């Protein structure tokens, strides 16, 4: 009898062994053969991968002992993946860093301070955009070398513009004010059409059955909408970097109220039912479907617009200016080196390369992103001119008044409460003041508790 | 028409309506797979793709390692399914039929673990894997479930208990051992549940996202769910590619289901008694 | 079928009931009467049993019990996944007591379970009964109904978000054909959860149907035939014969589906991410947010324990309900 049982046991062990064998065949071997160093480079935009792969290919040619693997992790999972990777000591050697998460990562000590490397390798940091460099420097610590920047501008549907009798030049020189909306609202009224062909400033306009809105505004945390109105109105999101939130200041509340008025007072903007994230269709989709005539969006989305709209069917114009003037949100990414990387020397070489003019030129000239080195920006403009689109509005916006991404340790708390409350505002279910007050108190509580 | 005929027609109508609701989203996914971004955004989801394009499929194979994803996922799914079918049966038999100390305590402990939200257990599990140096390996994907899950054991055990004990009792009188009973009596009668378990395990393993996302990072181990999720950008995803990939990833599952389905719900046949 | 644990018996002792079923005649026995049988045989049976469950037990201890113990331990710490965990005692639990969002997440979860389970079970049962007969194309229909369960959540999220889009979604389009204007499904706090529940019902009804169908097919036909020959009508046959004999499958389906429903995450993650407002934040999604967005791993562990306790309570209730009802043997 025991024989039979032993047989059963043997069979099950054999199965386990077989499985183990197949599993073992696929096991990883991190160390390369000979002296090859394997570096992993984590990014979140699969659309930008081809350009970076080209750059990496050049790097590997000039550094034959280093092999770089690009790992794409979607934005939605990027930061949690980074955190669990840090917990399991399985971090990529280099990874894209974002201002929203820099404070947290810096506090946790997983980003290498590049100051010493910059000095010893005699890197000339004057070639970089100094505004960007400043945002990635904290005292004497440098968290990364600027590799790109982005900003917000107006994207328009050419056909809709022509149908309303407007030109791109007119669109790029509008202004708004909270009282009567200014030329901005006037233009949007021309672009908004209900099912019977009437505009909002005409009698008989049916706000419940709008066929095409003048503008669609969509932003999970405000970067593409109310922050821009805010900077044009003199709003400050925080009193200082790493400081308290001041979203409930009058200028900011006015900006939020103006955006709400666009939707519910003047009926020229698509309401929250159309644009509230995360369910909403993307802005390129809305523009392609002619649900709106213009949007505010960042230059990282240009390839999406190109894919969604026919050539010559869309264009870029400057954002309107507000009561205080023109303004836009200005942000930029860097490559961070993991503080615990096993190959610090090689990782620094990769970082140097990626931040070099040669590498950034490859990426910028493909029209993927603007460069962190101002002299290369013309390449981006040229790349898009070749595709028939004039993107210089982003550039002029960046030269003017800008606000950067708020630097804070309470980023997650802010993003969560801002999405929740502002979504209610865009549904006309919460007043701008109440939302701003709630956001400010919740975010400041998080700042105080240090989370 | 007689009332039975009318009733039958109504039944068919309702069933067909339900079936249509069931597959409509798929049809829309497949439909989207044949549209390029422009037509995807400018047409309604149910409008047929015209002109239909294969560019998404081409991109999937040339720009993204879709065949790699599929192979990796297949390896994991097959290994896990094979292991689960074997080990769940062994355990389920012990729990269903054998008397031994600690049986009930152990069984309900198994079931109780199903009630702990798996989201949080992922973190300690990840640390355990990290401790054994199994991060980014196939073993990390296979080991946690290959020895059987509480769900699988629960499922098979319930099924075993519906098999009349007379068969076993008769066999035991004839001097059969546990192994013989298991191999010669229980398993042949259990094709439906084995097929069900195999199908359920395969599909769950195939569609698993959070664990592979956490524990794998290199291209060598990327499974199809992780591969597809990487296509979703921060602000705009490449929706047509995502949907195409999802449509393609579904085909093996349909194949597996069709393969097993005639066993899952066997035709009207009774147990070996009558 | 008897439940050996209680030693309750509802079937007469059958021929061949030898040493294999010692508890049948004993009212209280949960254990074999060792004094009556040779110890060697007992020991061998025990060893046999443990050999059989051995591999699963190892996997269970390593990959389930260890992490769960880890979770329990973690609830007493504060940890952001990177630094060293700080012991905080019961601070997490005290925080939970005053955390309105956590309680809101719990009520959302219970609301979801109530929306999902009854409707899904009834639909699945109706479907199983309908497909349990010889129908032309029955096999094809079966495949079609089970298809939703196989879909990847990512794709489903996209498709269903489109379907419920207020301007161009298919749901509102169909409703408009009969003259109804749909509400703003996914942006209204009142409708978002019912939409999520509908998507899940759509996804899992076929899957549940499969198990109930297998259970139905295990019921010998002669019982129903005999009953109808005796003049019992269809409804009575259903409630007095079919349903009771379906209990094992029903039990399994209800227990696993309820446990699964309380842990709803995927659909919320791909469709609404907890919004609008907090209306679709289920407890499991809230746990995910705390663990992977706020990096409060210790607090997330605490929440998980609370959810576990709730599920345990509900499941225990289900067990008590089903235990009271005995099922009769076939022969």
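By letter and in written order, the chains are A, B and C; residue numbering begins at 1 in each of them.
Simple rule for what comes next: a contact is a pair of C-beta atoms (placed from the backbone, for glycine too) under 8 Å apart; a residue touches a chain by one contact, two chains touch by 3 or more.
Computed from a predicted structure; not experimentally measured.
In terms of which chains touch, the assembly is arranged so that all chains touch all other chains. When chain pairs are compared by contacting C-beta pairs, B-C ranks highest.
Note on chain placement: the centre of subunit A and the centre of subunit C lie 40 Å apart, centres being C-alpha means. Inter-chain spacing, taken between the CA centroids of subunit A and subunit B, is 36 Å.
Distance between chain centres (mean CA atoms), subunit B to subunit C: 16 Å. Touching of two or more other chains is recorded for residues 87, 90, 123, 127, 143, 146-147, 178, 229, 232, 237, 239 of subunit B. Residue positions of subunit C with contacts to 2 or more other chains are 48, 52, 55, 81, 162, 168.
Among the residues of subunit A, those touching two or more other chains are numbered 1, 5, 8, 12, 16, 84, 87, 289. Here subunit C touches subunit A in the complex through residues 44, 47-48, 51-52, 54-55, 80-83, 161-162, 164-168, 184, 186-188, 271-273, 275-278, 289, 292-296, going by the rule given at the top. Within the complex, the subunit A residues that touch subunit B are 1, 4-5, 7-8, 12, 15-16, 19-20, 22-28, 40, 42, 44-47, 50, 69, 71-77, 81, 84-85, 87-90, 92, 282-285, 288-289, 297-298, 300-301, 304, 307-310.
Within the complex formed with subunit C, the residues of subunit A that make contact are 1-2, 5, 8-9, 12, 16, 79-80, 83-84, 86-87, 104, 108, 110, 272-274, 276, 278-279, 281, 289, 291, 412-413, 416, 419-420, 423-424, 427, 451.
Considering their complex, residues 36-38, 41-42, 63-64, 72, 75, 79, 82-83, 86-87, 90, 123, 126-127, 129-130, 135-139, 142-143, 146-147, 177-180, 182, 213-214, 217-221, 229-239 of subunit B touch subunit A. Of all the residues in subunit B, the ones that touch subunit C in their complex are 11-12, 14-16, 18-19, 21-26, 28-29, 44-46, 87-88, 90-91, 93-95, 98-101, 103-104, 106, 109-125, 127-128, 143-148, 150-151, 153-155, 158, 161-162, 164-166, 168-170, 172-173, 178, 192-193, 196, 203, 207, 209, 224-225, 228-229, 232, 237, 239, 242-243, 246-247, 249-250, 253-254, 257-258, 261-262, 264-266, 268, 270, 273-274.
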